[in-house]
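See structure below.
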C-alpha cells in the first residue's frame, strides 16, 4: 500500500487537522469525537442539518459543511460509521432551537448508530428527524434485506435540504422536502480499480486489466457483477439505462444530472462520460436542467464513476440554485 | 490500460464536448482547433489572458476559463502542446482591443508554439505579450538547458493576472504583475504512481510498491530521482525544504500555500499533507495567509502531490481574493 | 459454583485478547464480503473496554457487561458496535444485581443478548449474520442447562454451537448487512460477525473451563 | 540528373509511410525519457501532409517543402512541430523556385534545415536532440558533394551519418527538451527526435536510390 499518510490509525484525525487549517473561514473541527461544524454554528432559529458516515468519501461530508448546506458532519474511521456520541456532540453543537434533521445513508452501521443518537437527542428534548437516503439502483430493494445503499443522491439531498434550512424552512418542511428528494433520485456506479483501506493495506478486491465491477458502492464492496471492460459509450449507457428505468424517469422529465468520479478517475474521463450521458438522456426525451460534474462522493482512490439523476420541479431547481458556501461546493453570494 | 474512453484519438475532443454541456453558462468550446473561451468573450477594453498546453492536466486550463481568470485556453492533445493556429484562433476570439497576455508553461513545445502564435498575432497588429512560468525547483536552472518546468505556480498566476485584467489593468500592468508572480512562486512534486497516456496505452514509468518518484513534472516524465516511499511527515518535509530554500522564502514571509493532488491522490491524503505543510511552514516562521487544496493541475490519474508556495504582498492578496467564476475555481460574487 | 464479578472481568479481558489476536482474520473476512473493518472495529472497542475496566471497578457482573456495552456503542461504530452493544446491554439487564453468574443466569443473559441483537438488527436465522452463530449457541446452552451442565460445560456447548453456526453461514446468501449488496456473490464466504461471535463465546468458555 | 517536384512529393510520401510505420517505436523512445507522444505527433503531422498534397498540387520542390512545413507547424504541436516545421521552411527558402533538386541545392537545403532547427531550438550538438542527427548529416552531404557524388549517393551518406548521429545520443545527458528534466537519468537512451530525423533522411535516400 502506497499512500501519503503516517499511520493508518491516525489518517482521519490528521486529515481533519489539515482540513481545519485549510478552511478555517468555513468550518471548525473537533477531535475525539471527530465533528466538523460550520463556523457560524449554531444558527439560532434555523433547522440544523447533520450528516455523517465513515471517512474515505471526501469531500463528502465535511466538504459540504457551511452556509447553505450541512450544519455539521461526523466522520467515522475510514468506511466505518461514526458512533452515537460523535453524532450527539455534533447535534448539541449546531442545534439552533429549530430542530435537527439527520441525513443518513442507508447502511446498517450508519442507520443503527444514528438511531441510537436520535434516541439520546430526543431524551434531551431536541426535536430530531431522520431521513434515510437509499438511491443505489444496483441493489435490489426488499424489506427482508438491508435494502439499497445511499450513494450519489446524498450530495444532492444535502445541498437542497441545506438550502431550505438556510432559507428558514421548518423542520417539518425540511423533512418533507428531504423525502421528496429521496423519492426522486437514483444512482448507479462502476469501478475500474479497487480502493485500499489504510488499516487493511491491500485492495478491497482485485480486477484484471480488462474487467470492471458493475453496481459498486462507496466502501470498496465488490459490485453486483463483474463485466468485461467496455468503451465509454456502452459503459455510460449501462448506467443511464439502469438509473432511468428504475424510477422510472420518463419522456419530458426535467432532471439534474450528477456525473461523479469515485476518486481516481480524472476529469478528462469524467467530462467525456458526462457528455455521453447528456446525449443519451436527450435521446430519451429528458431535459437536463442542472448538472454537477466532479469527485464529490468518492471511495478513496478508487477509479470509477457513478451517475445520479434527480427529477426536478421548480422548487427543487430554486433550492439547487440557492447560494452554497462550503469547501467543495460553492456558488451564489 | 483501463479508462472511461471510446478511442484514444478522440479523448480530448469528446471530453471538451462534455465540458461544453456541463458549463454552458461559463464557457464556449470550439473544436478543431480546440479552443475554450469564456462565455462573454470578447470583453471590450479588457486585457485578454490566454493560456494553453497539452490536455491531461484538468482542470487546468479549461477549468479556469471564466470571469476573473482566463479569457481562453487551448488544449492540445494529451501532454502535447497545441499548435499556433489554435492559439491564434483563441487570441482572435477573445481579443477585446486592450491586448493579449499569453501565459506559457516553460516546456520547449509550449514555448516554441506560443512563440510562433505571438509572431502571427503581432503581424495582425494584436498587442501580445508572453509570460513564461518556470516554478519547478526540481529542475536545476541553467541557460544551457530547457530550464525549469512550469507547474503548480501556473494556477496561481492565472488566477492573479486574471483578476487584475478583470479589474481593468493595462497590458503593461498585467505583464509586470505576472512577472512578479513568476519571480515569487516555487513548486515541487512527487509521484506514487505513473499516469497512462491514452495513445501510449501503458504507464509512463513503473514504480515498485515501496518507491516514489521525486521531482516529477506533470507529463508523466520520471522525476529527478527515485526514492524509497516514506511517511507523510518526511515526504512533505522534503517538498517544503526544497521549495522554501530555493527562492528562498524567509522568516516573516507571508505566503499562499497550494497543496495540489496530481489527480489520483484523494482529498483525505491531500488534507493530511496540507496540515503537515502548514505546520512545517509555521515552524520556519512563514505566515500562511491564503491556501488552495485540491486537484488543480494534474497528470491524468497519477497519484502524487505537489506543493507550491507564493510569496504574497497586499496587492497579491487582494487580487487572490477577487471574485473568480470558473468551472474549477469559484468564489466571491 | 458460579462466576463472580472478577471472573466476568477475567473472561472479558480474555475475550479482548482473542479479538486482538484475530483482528487480521476478521478484517480479511470482512474485506471479501464487506468493507474490511470488522476486526479493526472490534479491536478498537475491546481495547477501550480494557482501558475502562482498568480505570473503574464495576461492582457486579451486570455492571461489567454494561461497561462493555457502553464502551462498544461509543467506540466501535459500524454495524457491530450497536449490535454487540445492545446485546451486552440486554444481557446485563437480565442479570440484574446478582453477585455471580449461575448456569441459569448465564442462559438468561445469552437469551437476552440474542433478543437485543435481533431487536436492533432485525436479522433472522439464515440472513448470514452474527445471529446465525448466536441463535444455536443459545439453544445449546438451554439444552445443556436442561441436562444439568455446570457453567464450563454450558459455555463450551454454546461455543461449539456458535462455531458450527458460524460455519453454516458459508453457503448462505446474505440478506442483512453490507454483504447483502453482493447478492449471490456473498455465497461461499464465512460471515465476519458470526465468526467474531463464535470467538467471543469460545473465549468465555475457555476461561470458565480453566477457572473450574 | 536531379529530382523534380514529383520526385520530392514521392520522397515525402515515402517519409510519411516510414513515420507511420515507426510510430510505436518513436512513442516508446519518447515514453522513456520524454512524454511518449513523439511518434503520435509526427504521424498526425505527416498524415495531414499526405492529405494536403492529395488535395493541392504544389508546382515546385520548394512549394512541396513549404506545404509540409506549414502542415507540420499547424498540426503536430509539441517541440517537434515547430522545429521540423521551421527546418523544412528554411529548406524551402534555400531552394527558391528551382524546378529540380540538384546535389548542390540539396546540400543547401539540408544546411538551411539545420540552421532553422538551431535558430528555433537553440540546441547545440551534444544536447541530445535531433540536432545531433542533422549536424553530421549535413557535414556528410557536404563531403559527398565535394567528392562529386550524385543525389542518391549524397542522401545515402547523409542518412548514414544521421543514423550514427542518432546512436551517438545514447550516452549523452540531455540539455534540451523534455529529457533534460531527467538530468543524469537521460543517459543510456536514444533521443526520439534524433531517431526520427535519421528515419526521414533514410526515407529520402531510399527513394533517390530507387529512382536512379
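A, B, C and D are the chain letters, set down in written order, and residue numbers restart from 1 in every chain.
Throughout what follows, a residue touches a chain if its C-beta (ideal position, glycine included) is under 8 Å from a C-beta of that chain, and two chains touch if they have at least 3 such contacts.
Being a predicted model, the structure only gives us computed values, none of them experimental.
Comparing the CA-atom centres of all chains against that of subunit A, the greatest distance is found for D.
Rounded to a whole number, the gap between the C-alpha centres of subunit A and subunit D is 55 angstrom. Rounded to a whole number, the gap between the C-alpha centres of subunit A and subunit C is 32 angstrom. Put simply, the C-alpha centre of subunit C and that of subunit D have 76 angstrom between them.
Shared contact sites, meaning residues of subunit B that touch two or more other chains, fall at 78. Counting partner chains per residue, subunit C shows two or more touched chains at no residue at all.
By the definition of touch given earlier, these chain pairs are in contact: A-B, A-C, B-D. Residue ranges of subunit B in contact with subunit A, taken from their complex: 1-7, 11-12, 14-22, 55-56, 58-59, 63, 78, 192-193, 209-210, 212, 229, 231-233, 235-236, 259, 263-276, 278, 288, 291, 293, 295, 298, 300-301, 303, 305, 330-331, 333. Considering their complex, residues 27, 31, 33-37, 40-41, 44, 73-83, 120-121, 175-178, 180-183, 185 of subunit C touch subunit A. Residues of subunit A touching subunit C in their complex: 54, 76-85, 107-109, 112-113, 115-116, 138-140, 142, 144-146, 149, 197, 199-200, 202, 204, 217, 219-222, 224-225.
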